[in-house]
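What follows is a set of structures for review.
After this come two complexes, each holding chain A, first together with chain B and then together with chain C.
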Partner chain A sequence: MPKVTVRISSRQLMLLKLTGITGTIFFGAVRLLTTMAGAHAYLAILGGGVASWTVIFLATRIAQRFPAETPFEYAQIIFGKWFGKLFGFALISFNLVAASLILRSLGDFLITAILPQTPLSVNITLMLVLICVGTYLGLEALARFNEAFYPFIFLSWVLVLAASVPRLDFGWFRPLFDIGPGQLTSATIVAGTFLIDSLVVLVFYPFVTDKKVVLKYTTWSVVMGTILVLLLQGAVIGVFSPNLANTLTFPLLELAQDASLGVFLERIEALYLAIWVVGTFIRVAVVFYAAVLGLAQTLGIKDHRIFIPLLVVPVFYLSFQADNVPMSFNYDSLFSHYGIFIQFGFVISLLLGAMFRGKRGRADSESKSV
Partner chain B sequence: MSRRKTRKPLPISRLAEARGKEPQKPQDVEDDLKVPPPQPLEDQHDQPLSIDLDENIELLKQRVGASDDIVFRNFKINNAGELNATLVFVDGLVNKDQLQRDLMGSLMLFARQTCRAEWSTGTHGYDAIKNHLLTLIELKDVTTIRQCVEAVTAADALLFIDGSKKALVLGAKSWEHRGISEPGTEQVVRGPRDGFNELFKSNVALVRRRIKSPYLRVKYARIGRRTQTDMAIMYEENIANPSIVKETFRRLSLIDVDAILDSGYIEQYIEDNPYSPFPQVQFTERPDRVAAALLEGRVAILVDGTPFALLVPAVMSNFLPSPEDYYERWILTSATRLVRTLSIIIAILLPALYVAIVTFHQEMIPTRLAIAIASSREGVPFSAVVEALLMEITFELLREGTIRVPGTIGSTIGIVGGIIIGQAAVSAGLVSPLMIIIVALTAIGSFAIPAFNVGLSLRLLRFPLIALAGSFGLYGVFSGIILIMLHVVSLRSFGVPYLAPVAPSNLSGMLDTVIRGPLWALSRRPKMFRPRQKQRIDKPAFIQHQQEKGRDDNAEGNS
Partner chain C sequence: MKARASKFVALLILLTSVSLLLTSCWSAREIDQLAFVAAMGIDREDDTIKLTVQIIVGGGGGGGGESDGAQAPVWITSSTGNSLSEAVFNLNLVVSKTPFWSHSYVMIIGEDLAREGIAEVLEWMGRDRQARDTLLVAVTLGKAEDILKVEPKMTQLPAEYIETLLRLGAKTGYIPNGHLFRIRLAYANQPGMQAMMPLIQPQPQEDTGGSSGVENPAAGIGESDEGEEQKAESIELKGTAVFRDDRMVGTLDLRESRGVAWLTGQISDSLVTINRTEGQITQRADFTQVKYRLRKIDGNVKLEARVTQDGVLQSWPLRGVQSITPTILAQLEEDLAREIEGEVRAALAKLQGEFNADIAGLGERLRRLDSSLYRSLDWDKAFPTLQLATEIEASFRRIGLTKE
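Here is the complex of A and B:
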């Protein structure tokens, strides 16, 4: 196996994180937030932004202590060999579950929205093939791909927003702050899960060349992601009213459906969908890559690629755990309620462990070899 | 070098492993840039020349065989010793007038006047002839029979003199060749009209004439065991990144084949990924293009016997501009660039999008258009995907057919294609008229891309995309795009990411990719080639001009 030097820039990391947030927002986030907080979802999103930034800040701190190693490697330094490996497996399982849930959401989405006749398994298999290719080509290719493609994802949201402006009714947001603290807290937790994506920072930090500005760029990604989600959520409420939005399966899709590009292409939501599918691909590929890389590093094997076929199987299997769409939505909502806590748990245990045991990583090298 | 991924197993690297050769390690630039040594002719042992003329001639005849075009001319040198001599050359490859005037004339008529009597025999005689009699410019000594054979086959004339253990190689190459004419593959409306021809030295001169910098380096090398093809490697020493230059030399030195008949052979041996449909080496017939590339820090490889020079590294953004882009004003050119980007999208996506929308996403089409499409497809027995594949294949057949036939028949094929296939197929109800429009647009789109080979590869990729569109709709199309893009972003040409400066992104580079910024704004050389001197213009001339103008205005105002 030739040694491959992988290097990405902070900006690419930021864009990867942004795609992580905005590439999959159309699946469950807006629906869940609408049902949980209605017109007051913006408060939850703001709170979630702050919470997720806190976790990402902590993740950056622990990553800075081990600038040349991934969490799978330094977990073994912090917790000792066996507990470290156990920790690594937990991290990998989390990623696999996340990947399979997103994949299932994509499958449900495709079936509901554009390909009602195609079997779920076929859609998911096609996406998994793409993900395997992406993982095989590695982080650098994924980061570049994302860099080249992100403008289109961003543009799709801007178009959706712009098209919804004439139909906005700000009356739906009144009365302000009419929400119970318990309701708001749980909505904030869900919003936080959708905005966090801290594992991207944690796992890919050692591959970044300009490590000094990582925190700046990741902060930007959280800020921009929060603003975008805020605007989209606001548009959904403003256009549909909280009551109607509550009944929609994919509110953002409905929002996009009314947007038209001149008179030639009237209902271009399929085009948006296609662009969002690319965003989803990047998100799942990155999560899956982290799992594959993690397994290789936990087991101390140099070439991560041999684990691709091994880990595809559980992802495929897990994505079929839900029997139907409502059940899959249920799983999604369950995951959203705990996602931020689990990520916080990973980060804080690493950080506290490293601080109490006084462990530090190797000095930073220019880049990391895999 | 650290940026380069270790390459996947390639023909060339396998060759290197097979021969147990380690790639050269990067050291200092200068002493590392050795031209690859000429490959020795196979299965022939070498031996020094003898003192006896007849023996040497006999040996040479054995080696080059009984070829009628190799001339052996025996004569006596008209000096005190009346030495026997033999001139050997390949008929048609040397300048006979020159040999007659500067060699035969000197030796047969004026030798006695010029040479002293004691210089008449053996080594003395040889030196005297070389130093006092021959008025040719290119002269070289050879001492072994293999060198003699190489000289004769490389179109040099060879002079054997009795009593000497050396032979003289006389540079008097001359053969029939095509003059400098307008390049056929890269025509421009505005810009120089000269193109390369088949003589590599005159090609080198065409480039040298454009760049009068003392840093322009030209290295000659010979490649191909049997064809012994000459080539020149050119680069601008204080601009080109040493690691790129070194890598070029390394890859060239690993080529060990018997024939190099065109630069295309070399391209296929030195490219990074032979399994990719995208070209990773650029070819050009235009000296101005080579000059521009050299000044961006790229390396040019000029091969004898072909007008096509190679430029490395070559990334996607190198294939889109035409040299004309830089001669015309920037606003017009930027518009042209956008049109070209559009043509790429059309060439690769249009039929696939049509198939996807007509088959799966009819709701996307405005109602009136949908009705028009439906009525035009009424009676067509095939599904949209079969129809598209059918017409695309027909078009490819037509294109291939028109290229190969003589010009006079070409127009007939055009009529057959246009009228019979286009008109008759529609009225017979085999395909819908809309499909014909789509295929025609796609064809135009693929021809609007300046680089012929990129257009070709995009046309190839269209077929799997149509198939995906027919099975998965837009989801399939975008899956295909994901695959293609993943491949493209992971490609490299000589260590340079193929999609630079888009990904990894570089704003100043984008100014000369998506659009063509004003020349004064392109003050930096493309960053992706990691040039030694990054700045092209120290201070943008336009800004300087503006500032000076402002100062003048102020001065006028004050007075």
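Here is the complex of A and C:
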């Protein structure tokens, strides 16, 4: 197999991150944040935004020390061959678990709200087939597709927000500060997990052509993602009230369902859903691609594509671990409570390891071959 | 040659998969297999729930009934079950298509069921989210079934008639906003905000001898003196059905209902009449706003509602007064404010004294202003003794096309 030179721009990286944040928000984040912080979820999102930017900043710093290598490669430089490989496997496992949880959440969403009679296995299998195709085509194809598609995701949220403005009652946010510190911290951690997606920066940094502006663009992605999530969460609370929103399984879907544009465009949620499902596909494909690429690089094999069928099996298996929808929600909640710490752990151990051992990567070759 | 063969195989696979995927998924619903429910009525019948539905008949004729040989635009049928879910499921014992609720206009709840509790109805509507939040819900004095059997003369679809009546009625304040969403919102935020629904009743035909203000709704509807079935052809708005938790605890008449509407700021087109010795003056109110604040009155903190309303001078039959001067208007505005204050007080007297149901959401207003004060109170116990201070600011913005 000939070497393929992969190049993506900082802007494409930013959009991949934004899709990671806002492409999947409709099935988990808002529900969880509403349950945890109610009307004060906005504080948690602001805090989560700051926390996630901090991790992304650290991830960019370590990536800058190894501009031509992925973490799967430079983990072996920092920690030595075997510990490095172990670190790589941990990173791969994290991505596989993340991919399976997102996939299952999408499946739950579809069978609950849209396709009640379609078996979960069919939804997940079809999505996995698409993800395999996306992963086979590689990062560049995914990034370009996402760049072309992201405006639709963004527009869908803007329309949902615009249509909910007449129904907003800002009184539901009052009092503005009435939440215990423990509750707020817990919600902030969860919000941070939703907003972080730091592994995108960590894994795909070497493929970026204009590396000098990566931090700028990723900062923008966090700022824009935080604002969008903040507004959507605000719309849910302002329209439904914290108490009613707390009873809803998919608050954003309900917001989209009732959001009509005038009297001529009603019940256009099917349109939104089509867009959001594609957004989820991009997100899972990117996470899965990172895992496949990671396994190839950890094992020192040039062509990552041969690992696609191998890694599909654990993702498929893991996505069926929850027996029912509430159990799936519990897993999602569990992951959201620890996700930011795990990602922070990966980043900080790499950074501190590299600093203490004085390790640096080879010079940037502008693009990376896989 | 080999490349062409592989291209052909790829194309074949692509075309096959596309044609297979286009057959859609398991959950596909074919339009000819759906029964579009325009209106539903839910009644308590002995120990069972009776669900009556108006199903739109495709290609139906006009007229609202089966007169003149035209096909009726709707088919009215019903089913029963031990629960609402069971009654909905049992609908397919008589209806050969899958009921489709997304296009429903209205849901009518019979008084008996409303008084017993509608938690199950709200639970079903919330969990099975086919019906829109803009679905209008109302309570009828009597049986919901009777409302669904009304044959209006003006519109083809009886459900559309009920929906328009409820929608326009809500602007006047004589009935509350009956959107399912408003009811779900109140139900989720009790006791600081209790649910209310429009109250309606079938109006018997003129020639049956009934009147619009019948006290006993069951009388005069359904059967005439001779025992012949007489279907009502119109519906009358009666006021507000007041709920406490999920149970209907009483009713407010039109005037009292508007008293609540001033406190919720939901009047956008109503007629207020001032009775003076010189004659009756009417204002077409087209703007209402209400703001709440906490005020210290006589050393006590009180919740104050400041109602601002505005409107057009509609009639001016004052004898002996030729010109409409600002001074006279100011006097009329004071009278208007007194009238509105009277409506508010009449509503509060019933809500606090008889029903102990905060349908105006005063508890929620207090929570927004001082959450710690609200939390310190047991609102169910505090509401009956709440002393609401009111400040009404009524004004005539326009005087019409004659100045005298």
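Points worth noting:
Following the convention adopted for this analysis, the second predicted complex is superposed on the first by the 365 of 370 C-alpha atoms of A that agree within 3 Å, B and C clash if a C-alpha of one lies under 4 Å from a C-alpha of the other, contacts with A are read in each partner's own complex, and residues count from 1 in each chain.
The working rule: a residue touches a chain if its C-beta (ideal position, glycine included) is under 8 Å from a C-beta of that chain, and two chains touch if they have at least 3 such contacts.
Every value quoted in this text rests on a predicted model; they were computed, and no experiment measured them.
Legend: residue contacts after superposition of the two complexes on their common chain; A:Phe149 is shown touching chain B, with no touch to chain C.
Of the two partner chains placed around the shared chain by superposition, chain C is the only one that A:Asp258 touches, whereas chain B remains out of contact. Comparing chain B with chain C, the partner in contact with more residues of chain A is B. Of the two partner chains, chain B is the only one touched by A:Val133; chain C is not. In the superposition on chain A, A:Asn243 makes contact with chain C only, while chain B stays out of contact range. In the superposition on chain A, A:Gly180 makes contact with neither chain B nor chain C. Judged by the touch definition given at the top, the superposed model places A:Pro166 against neither chain B nor chain C. In the superposed model, A:Ser9 makes contact with chain B only, not with chain C. Applying the stated contact rule after C-alpha superposition, one finds that A:Pro119 touches chain C and leaves chain B untouched. Contact with neither chain B nor chain C is seen for A:Gly358 once the two complexes are overlaid on the shared chain. Shared contact residues on chain A (touching chain B in one structure, chain C in the other): 114-115, 118, 267.
Across the complex, chain A is touched by residues 2-3, 5-6, 357, 360-361, 363-367, 369, 472-479, 481-483, 485-487, 489-490, 497, 499, 502-505 of chain B. Looking at the complex, you find that chain C touches chain A at residues 25-27, 102, 126, 129, 132-134, 181, 184-185, 188-189, 364-365, 367-369, 371. Interface residues of chain A, counted against chain C in their complex, comprise 113-119, 122, 171, 174-175, 178, 240-241, 243-244, 246-247, 254, 257-258, 267. Listing the residues of chain A that touch chain B in their complex gives 2-5, 7, 9, 11-12, 110, 114-115, 118, 123, 126-127, 130, 133-134, 137-138, 140-142, 144-145, 147-149, 263-271, 273-275, 277-278, 281, 366-367.
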